[in-house]
Amino acid sequence: MNERVVNERVIEAPKARDPVLVCGLPGSGYVGKLAADHLVSSFKMKEVAEYTSSSFPPQVSVKEDGTVDPPRGEMYYAAAKGGKGIFVFTADAQPTTSEGEYELSDAVVKFAKKCGVKRVYTLAAYITGSFSNSPKVYGAATSKELTESLSDRGVTMMKDGGISGMNGILIGMAALRGLDGACLLGETSGYVVDAGASKAVLELLSKVVGVPMDTSKLKEKAEETQKVISQLQAMADQSRETTPQPGREQRPGYIG
Amino acid sequence: MNERVVNERVIEAPKARDPVLVCGLPGSGYVGKLAADHLVSSFKMKEVAEYTSSSFPPQVSVKEDGTVDPPRGEMYYAAAKGGKGIFVFTADAQPTTSEGEYELSDAVVKFAKKCGVKRVYTLAAYITGSFSNSPKVYGAATSKELTESLSDRGVTMMKDGGISGMNGILIGMAALRGLDGACLLGETSGYVVDAGASKAVLELLSKVVGVPMDTSKLKEKAEETQKVISQLQAMADQSRETTPQPGREQRPGYIG
Amino acid sequence: MNERVVNERVIEAPKARDPVLVCGLPGSGYVGKLAADHLVSSFKMKEVAEYTSSSFPPQVSVKEDGTVDPPRGEMYYAAAKGGKGIFVFTADAQPTTSEGEYELSDAVVKFAKKCGVKRVYTLAAYITGSFSNSPKVYGAATSKELTESLSDRGVTMMKDGGISGMNGILIGMAALRGLDGACLLGETSGYVVDAGASKAVLELLSKVVGVPMDTSKLKEKAEETQKVISQLQAMADQSRETTPQPGREQRPGYIG
Amino acid sequence: MNERVVNERVIEAPKARDPVLVCGLPGSGYVGKLAADHLVSSFKMKEVAEYTSSSFPPQVSVKEDGTVDPPRGEMYYAAAKGGKGIFVFTADAQPTTSEGEYELSDAVVKFAKKCGVKRVYTLAAYITGSFSNSPKVYGAATSKELTESLSDRGVTMMKDGGISGMNGILIGMAALRGLDGACLLGETSGYVVDAGASKAVLELLSKVVGVPMDTSKLKEKAEETQKVISQLQAMADQSRETTPQPGREQRPGYIG
């Protein structure tokens, strides 16, 4: 981790057929993160690269069995039925600095490019503030050709606004490195972990990529995720109250 | 983008005759940005270098056709009638950190110097808070010789205060690298996109550089720009409300 | 200190038998720092490496004799009776940035690994807000094997939450580099320098590591430490009020 | 300025006899800056090295003749009567980040060490909040030997507290690189530019270094400085109100 904000450890660079990269990170409604985790487990994907970064939040989280995990980014791979290669990038957290977001995006896109990826998809949330039974999927892309292809498959194309954080920078970086990129945003209230929005996004991704994706177990996953999030939020609330240093005020908290 | 805040991609380093560099960036009243964009289109300039930076705002903006653009800095070039070379540097945004401002300025000045540029002009706004029908142009420069030359052509020389951000650092860097630099600041209210201030600045620049510049289409350009800005502002308002992470509070917004 | 946030100066890399690394840093109740200082003095340890960092607080503290010390990290070493090697890492302050915390942790873990260390312990505080006569010791670890070993020796294993700052990152880094790591957290009110919590933590560490550790002089040490802390807090209160720069408001303080 | 926060340009590395380094930077009461500027002009010193840094404030200041200056650090040199070498380091501003303060201090100390300097003095303010006709000089140093030498010459040694910013880090760095360092702090109210405190500090420095220093013209200098400061403060006030970017609120100010 010396002299660099992001560190990559490549486990294996798979030779893949016509591969795509799908990215899903923690964010509003956990729409992208849930979808990415679902792909990893339903395709029984294998980890092929690991990313650590000094711009991840400076903490480890404790699991129920007393073991701890430092925050990491993970790249997974599997070949779908028919042989099409699918890479999935996910992480325990988003980087906390702009510089970290750019560097992590760049490292991820470079690795994907080296493995032959030509299209990068980021999965995100489109927050409306109200609940919907049949969430729409919004989208934006780096090329006119790709926007048309998304539109043909039922994606509502965005016409203005912007996409911030890793979901935006990953496809921006893809474009700067000569790849295509698209962001699919599932309509969500923004108030809860939203497995329904993740399902809608994955169903559209399935059509766009041309690979069947079973989303039946997403609901279960969502419930587990809700537990973890509650725990992370409690931890974050506590960490604000702890680790005093000389000269900082010292308040009672939970864990130091 | 590894180990550096700024990344330069040179498309072509033109052999130019007695060239100058003119810089116009987003800022108060869009005075500099409007003027730079106008020069690029009226001289039918060609892009010769591109700058990406991890200190640009971490987002992509969505255009009306659903395509997205990452923030970039762009260097353009054309030879004016008579052969004098004109470089224009502009960007979608200013860097968000001091370090980013210094590094981008340094990269831009170095490229210009390599292409034979001896004078660097930055175009900026001089905010007064009130509207003016015949906006004045204020100025400051890195050498006594250049301040006199500006003064002779009708620029009101500043006597105190300072010039912050890229407009100041670019000419400071020019001086540190042995070039001359001047900042021309168009009087503006600061409340609206101000094509009038841009026009005033370009008319003076035209005299100072000795190259005719047609400013008749600036007004149209200003109206288009106003649209884009409204859109960017909406985006920024939304981005403040989105991309929650574990432990951060989650509020309804628009895009995640 | 160029181009790096952390600088390491190795004095000696001891050839140690089956060594462990114990880390104790300033934090809540000074639980970890007191324990680390106690180990250094009771085992008459020798300094083997020194760490400086541009992410340490930018100040020097003045001692009673008028001499000053810049903030440093220090690695100590001694062989315990029977030959087992013990490294202790401590510092005058924790880094002030996330990047600094990651880099310092990484440098410390790398040095320890080079010297043959396989287990890294961090000593911390578990803040409860109320006083306890027989403070419990909580724990978390990077492997199931180690959590069981801690649990068998009387450590109450954590089941959720997180460990932030150096105490968490050091064991996270240990795991990423193939070592085992555990954090032992002494129950403390969080209101005062707590030699009792340090004692409880050291007694458990003694069992876990299998090395007798005399804790009888900890109380004295705690009283001295309380003095230094009062002084550091006074200094920090003052430093907030001083070193005005042009354009910042200038308020009367104590030291500039 | 690539890949580094601080950039050094050596003009000349003088062969000096038993030289010392004296550092005076902008800060409370301008005590150190006034004293440094006075030494540079009264000894007719020559600039021997220049420092630029991306951690200096991102702006240029405009002088009365309309010319601008980027912020810089400057190292000066002269041999005093009798041949003793005196280096003076000063700057237009202090770095704005902790990392910048450490790197600039390190670069300055390294240069000094290369030129044979064995002792580094920083001149600072000791703020009391009340006015004094015969300001005391306080001090702290990196070695017992030096504290005694200061004490013998009338310096009131500090017994606690700390010295923050460049004044502290410069002597801390000196110690880390094997040199001696002392900070002399002139008693001042903290409310105004204080030539009296500068004079007191220089008179003591003169005794400590064993070189006569004429302080008669300090008062004049102080009046000029007050003007520049008022101007810088006005500039800083304005810069807070200007350079809006897309999505940031736009308020009327003065200069963009």
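As written, the chains take the letters A, B, C and D, and residue 1 is the first residue of each chain.
Here, contacts are C-beta pairs under 8 Å (C-beta built on N, C-alpha and C of every residue); 3 or more make two chains touch, one makes a residue touch a chain.
None of the values given here were measured: they were computed from a predicted structure.
Two copies of one chain, subunit B and subunit D, form a contact in which under half of the residue numbers belong to both partners.
Fitting subunit C to subunit D on C-alpha positions gives a rotation angle of 90 degrees, to the nearest 5. The centroid of the Cα atoms in subunit A and the matching centroid in subunit B are 34 Å apart.
With centres set at the average Cα position, the gap from subunit B to subunit C is 49 Å. Multi-chain contact residues of subunit A (touching two or more other chains) are listed as 3, 232, 235-236, 239. Chain contact topology: the protein chains form a single closed ring, every chain touching exactly two others. Looking at which chains touch one another, you get A-B, A-C, B-D, C-D. Interface of subunit B with subunit D (complex): residues 3-4, 26-29, 31, 57, 93-94, 98-99, 101-103, 106-107, 124-129, 139-144, 147, 150-151, 157-165, 167-169, 171-173, 175-176, 181, 183, 185, 188-191, 229, 232-233, 235-237, 239.
Interface residues of subunit C facing subunit D in the complex, by the touch rule stated above, are 1-3, 5, 52-71, 96-97, 231-232, 234-236, 238-239, 241-248, 250-256.
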